[in-house]
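The first chain written gets the first letter, and so on, giving A, B, C and D; residue counts start at 1 in each chain.
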Amino acid sequence: MNMILSKTIHKELYYKMILCRKFEENAAKMFNLGKIHGTTHLCIGEEATGIGVCSVLAKEDYILQTHRGHNQSIGKNMSIKRMMAEFLGKATGYCKGMGGSMHIADFSVGSLGANGIVGGGIPIATGAAFTQRYTKSDSITVCFFGDGATNEGAFHESLNLASVWKLPVLFVCTNNLYGMSTHISKSMNISDISLRATSYGIKGISLDGNDVLSIYRETVKAKEYVLKNGPMLMVLNTYRWTGHSKSDTQEYRTKKEVDEWKEKCPIKRHGEYLLSHMLFSKEDLELMHIQAEQEIRDAVTFAEDSPEPCIENILDDVYAE
Amino acid sequence: MREITYAQAVREAMSEEMRRNPNIVFFGEDIGVYGGGFGVSLGMLDEFGEDRIIDTPISELAITGCAAGAAMTGLRPIVEIMFSDFITLAMEPLVNQAAKNRFQFGGQASVPMVLRTPGGSGTGGAEQHSQSLEAWVCHVPGLKVVIPSTAYDAKGLLKAAIRDNNPVVFIEQKLLYCTKGVVPEVGDEYLIPLGKADVKRIGKDITIITYGRMVPRCLKVAGQFSKQGIDIEVVDVRTLVPLDKTCLIESAKKTGKVLVVHEACQTGGYGGEIASTVVDSEAFPYLTAPVKRLCGMDVPIPYNRYLEAQIVPTEDKIAEAVMQLQNY
Amino acid sequence: MNMILSKTIHKELYYKMILCRKFEENAAKMFNLGKIHGTTHLCIGEEATGIGVCSVLAKEDYILQTHRGHNQSIGKNMSIKRMMAEFLGKATGYCKGMGGSMHIADFSVGSLGANGIVGGGIPIATGAAFTQRYTKSDSITVCFFGDGATNEGAFHESLNLASVWKLPVLFVCTNNLYGMSTHISKSMNISDISLRATSYGIKGISLDGNDVLSIYRETVKAKEYVLKNGPMLMVLNTYRWTGHSKSDTQEYRTKKEVDEWKEKCPIKRHGEYLLSHMLFSKEDLELMHIQAEQEIRDAVTFAEDSPEPCIENILDDVYAE
Amino acid sequence: MREITYAQAVREAMSEEMRRNPNIVFFGEDIGVYGGGFGVSLGMLDEFGEDRIIDTPISELAITGCAAGAAMTGLRPIVEIMFSDFITLAMEPLVNQAAKNRFQFGGQASVPMVLRTPGGSGTGGAEQHSQSLEAWVCHVPGLKVVIPSTAYDAKGLLKAAIRDNNPVVFIEQKLLYCTKGVVPEVGDEYLIPLGKADVKRIGKDITIITYGRMVPRCLKVAGQFSKQGIDIEVVDVRTLVPLDKTCLIESAKKTGKVLVVHEACQTGGYGGEIASTVVDSEAFPYLTAPVKRLCGMDVPIPYNRYLEAQIVPTEDKIAEAVMQLQNY
């Protein structure tokens, strides 16, 4: 009795996933060319998570993103132009070039920001959900974090708080099996992270994080659930194909392991579904790829043509008026 | 005019603002029925109810982050950390999130929250319940920092802090909670703008720059010296960030001799900031003696009551420092 | 198939409990006379917890104590003379008068100290247990904390760490239903705190915290267990009869609730057991009471006769050589 | 003599000490196979094994507290916090436990641990990965604080820190990790005692007091000025706590003009401590100009690379400050 998803949604999910993939591949390239400063964390292989979840959400629903959050941004309909501009540190970027990849935020679509602190967004999410309940809105907050983040005190305190206060927050753990080089077997003594819901007397579920349809469907239900009952923990089990960040040589895992996961590519999987269910033709999909590539070229042009921020304005946003 | 305690002043400030603005909520451990660790919020639960006076689990990190999140989404939370020593647990959300979110999101966020917390020694709370950690938060761009020394200032400054659109760390002084001071009648609203020091005593011979619970102590010493014909100006910094440099510098130019007094231990304390600011200013040529600091000793706060009293600036030590400057 | 406990142990448990009770009643008196500075947290009603657990331990086993830890100190055979001297801030106290009630420690019997920070001892306990495992000792660390402390991030991170590293540490939660004025129903959404073991894949048990014999017996087993398997969470459900600290007016609970719990007094209960099993006579118990009172009088005399610490020595222990 | 990088120097210090003392263990996130966030410990796992090079979960509070507990019971742990910004999560165990346990237990404990962490901006890490937070830990009695500026100093100071019986916060400089410096041959052991500043350049006209990554920058500027006949003395503080006051004061007496330079933002920074110490000393009568501070701007560290570079003291700004002093 799966809920039936419209063609529009199928398309949206597929398109956002390929856009995200291409966006990151492009970012990696620009990074290697020295055009992007600092570091960047790719979510290649994990696209289904943020895109599956965020595509369910309304603009009024908040999300708290992670350092590996491009799929979340794109899922929440952020502009890849302004994302790209931010990567290049430009004044037209989401953060006027002040935040970079780790601090992408778009309050106008409900993204309260990515975070450079592992688990840093989790307490913030409780506050956002508090506001939603206090103002009697019927929106929810979705808080993303990784498997590694569940070992931080912030995770524990926040889930407990949200549970006691029955806040409308959906905690989404993207379990990609690693925190940097550390396999979850070395950082926790359980293999199903959703067990951690027990401590807070809340519902916990574990899903295939490469199955965008099941993520979408479960998020629809979860949104309803948390509005009525308070928080829930949803664990999306997936894998990151690339290194943790640019400098990672990946000594800690085998190529075989990576290759096996590549077989489970969420994009390929959804594409095959679309074809086999005859929702779209090969040509349709091809067209989407072309369109996505064009979008990215436009974003790069926009970003490269944008001005750098000025030192004269550096004090503007330290304090609000 | 009427007299109320410093604690009452804090309570009145919160209550008046909460009446005025329904978006103000108040988080803290045992702030409801219990009235908070020092009884500051006694009675507020009755007036504002559980929806706005919110007892929390013992989770300093989460409640501070929660306040930041609520502030970013339209509320104006106050969060009480029961003892300032426990901000050690809340530095991450305070410093990396609340203080930086406006800047790092390119101006998209504002984070209008007040973190209230009592600081200082003198209650027998020992090492982990007595610290004066204001210097830490003063070193974080994006935060404002206030430490009032009187009931009048506490009320006016807290109201301003609550209306401020930035995260403000409002450090109260345990030993001042019971001290009384004159404040306007209930209907006579007043605010004290953040960033203005207050000359609590006008003098011409020596300037003492201080704040918090050292203010009444310095005033007392100043009173004693006036009998000896030494006329001390006492400047209460009140808002540590932003610092009212003009006021400090003007006073230094006038007297040429400056003593900085605070309870926090000396090394790395905010006294260094104050002293250096005065020195590297147009006051320098007027200085007739080195700018001196008299601060807490560089030791954890001991439990024993006699030692506890001696490791912070005492009246005697302040008087001694004044004499050193006078005789320089 | 309860393990049989010797008469000596029965006596030890009873004697320590009455000593603790009288010690605290006395401390409260001295407090009211203004002889004790600061604050103090009484564990009246909870004596069975620390005494039941610590009486099992060897000197080499470490304990981390709480602010409400006099039962833990006495359980671990600390000198009430030096405890009392510390309360009075005297140079002969355990901390030379520098720590007071919240920082009582006696490294010579394995107490690594009480803590003024809720949950503050939990990470320290993992380190102590790490040392024990690293040095291949067959000792364990017991870490005490309250129900309220389990909402701190320190609890979560430390239990996780201990579990991943299989450290020989027994986590003992004294659940007295309140953290200051806050009933656990307002601070967590579960009623059996031992459920929190699930998050770490460790064993959790919940015991009647007023039954000193069951606590003793379960601790014997637990010590063996943690040496072999790594950490375990033991929750002792009990009640604090007095206010949180001196200034508590207890508006948040009813006299009826308190009175009901007083009926369950752990000392009375063990006394009745001793009598009904004819291990000791009424006169035997009476003698113990007299002895305990004498011990306390001696401790008070010792403390009052002891010198204050000197300001000249204040810098001695800020840094080690 | 041979040249190694600053990162190698840190690694050598740890490795040599670990060979010498089996009670040294090393905790940190991804310090094993991965070699730590900056590759500082690459290869150590192979030599010392998993029992001593211990990858931890992402739990800064617990691992710092764990190190303190291990230190109190006979080991000598090193703990790496991947970026110094994350000490915000570890302040409780560091400040309330590690720093105070000796004192608050009346001397019963000693806590011989080293918390190593890289500080500073310049890598594009933005607001939450670039802070210079040394002032906080300098304000905590019971802690020692070290920031080396060369490979030589890094090695000698870290070895001394590991042997010290107190908790030492050892702040490394990201931007110096790849810089090379001359150090003695592997067999030639040396230690640099904590608490000794180092005059990195002798001069007579102006003193620059600095530390960390600003040291090479100040030396470069000093080199340029020497051509113009202005002879600058550059003092590298190296150990911030305990501070080598004598060295700073002597230099100030000699030159009469002092510039304090650090990367951390100015307000509440340790520069205030240094400047105030110099002013309120026997050097005061020798001062021919105000003691100046040149520090990071009071802003969070921005991501944009050009802005990031401009908000800390640049060579130009240092030169300008020197000229101001010179012309005072």
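One rule holds in what follows: contacts are C-beta pairs under 8 Å (C-beta built on N, C-alpha and C of every residue); 3 or more make two chains touch, one makes a residue touch a chain.
Note that the structure is predicted; figures quoted are calculated from it, not measured.
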Return the chains shared as contacts by subunit B and subunit D, ordered by label.
A, C
Can you name the chain that lies farthest from subunit B, using the mean of each chain's Cα atoms as its centre?
A
Where the centres are mean C-alpha positions, what is the separation of subunit B from subunit C, in Å?
36
Cα centre of subunit C to Cα centre of subunit D, whole Å, reads 41
Distance between the CA centroids of subunit A and subunit C (whole Å) is 46
Touching two or more other chains - residue numbers and ranges from subunit C:
95, 97-99, 103, 115-117, 120, 151-154, 157, 160, 164, 186-188, 318
At least two other chains touched by the same residue of subunit D: list those residues.
56-57, 59, 61-62, 85-86, 89, 92, 96, 103-104, 126-128, 141-142, 298-300, 302-303
What part of subunit A is in contact with subunit B in the complex they form?
62, 93-99, 103, 105-107, 112-113, 115-117, 120, 122-132, 134-135, 153-154, 157-158, 160-161, 164-165, 316-321
Subunit D to subunit B touching residues, read off their complex
85-86, 88-89, 91-92, 94-96, 99-100, 103-104, 126-128, 133, 135-136, 138-142, 241, 243, 264-265, 267-277, 279-281, 284, 289-293, 298-300, 302-303
Subunit C contacts subunit A in the complex at 151-157, 160, 163-164, 186-190, 195-196, 198-202
Interface residues, subunit C side, partner subunit B - complex
37-39, 86, 89-90, 95, 97-100, 102-103, 115-120, 148-149, 151-153, 179-182, 186-188, 247-248, 251-252, 308-309, 311, 314-315, 318
Parts of subunit B lying in touch with subunit C, wherever the complex brings them together
29-30, 32-34, 39, 55-62, 85-86, 89, 123-129, 297-300, 302-308, 310-311
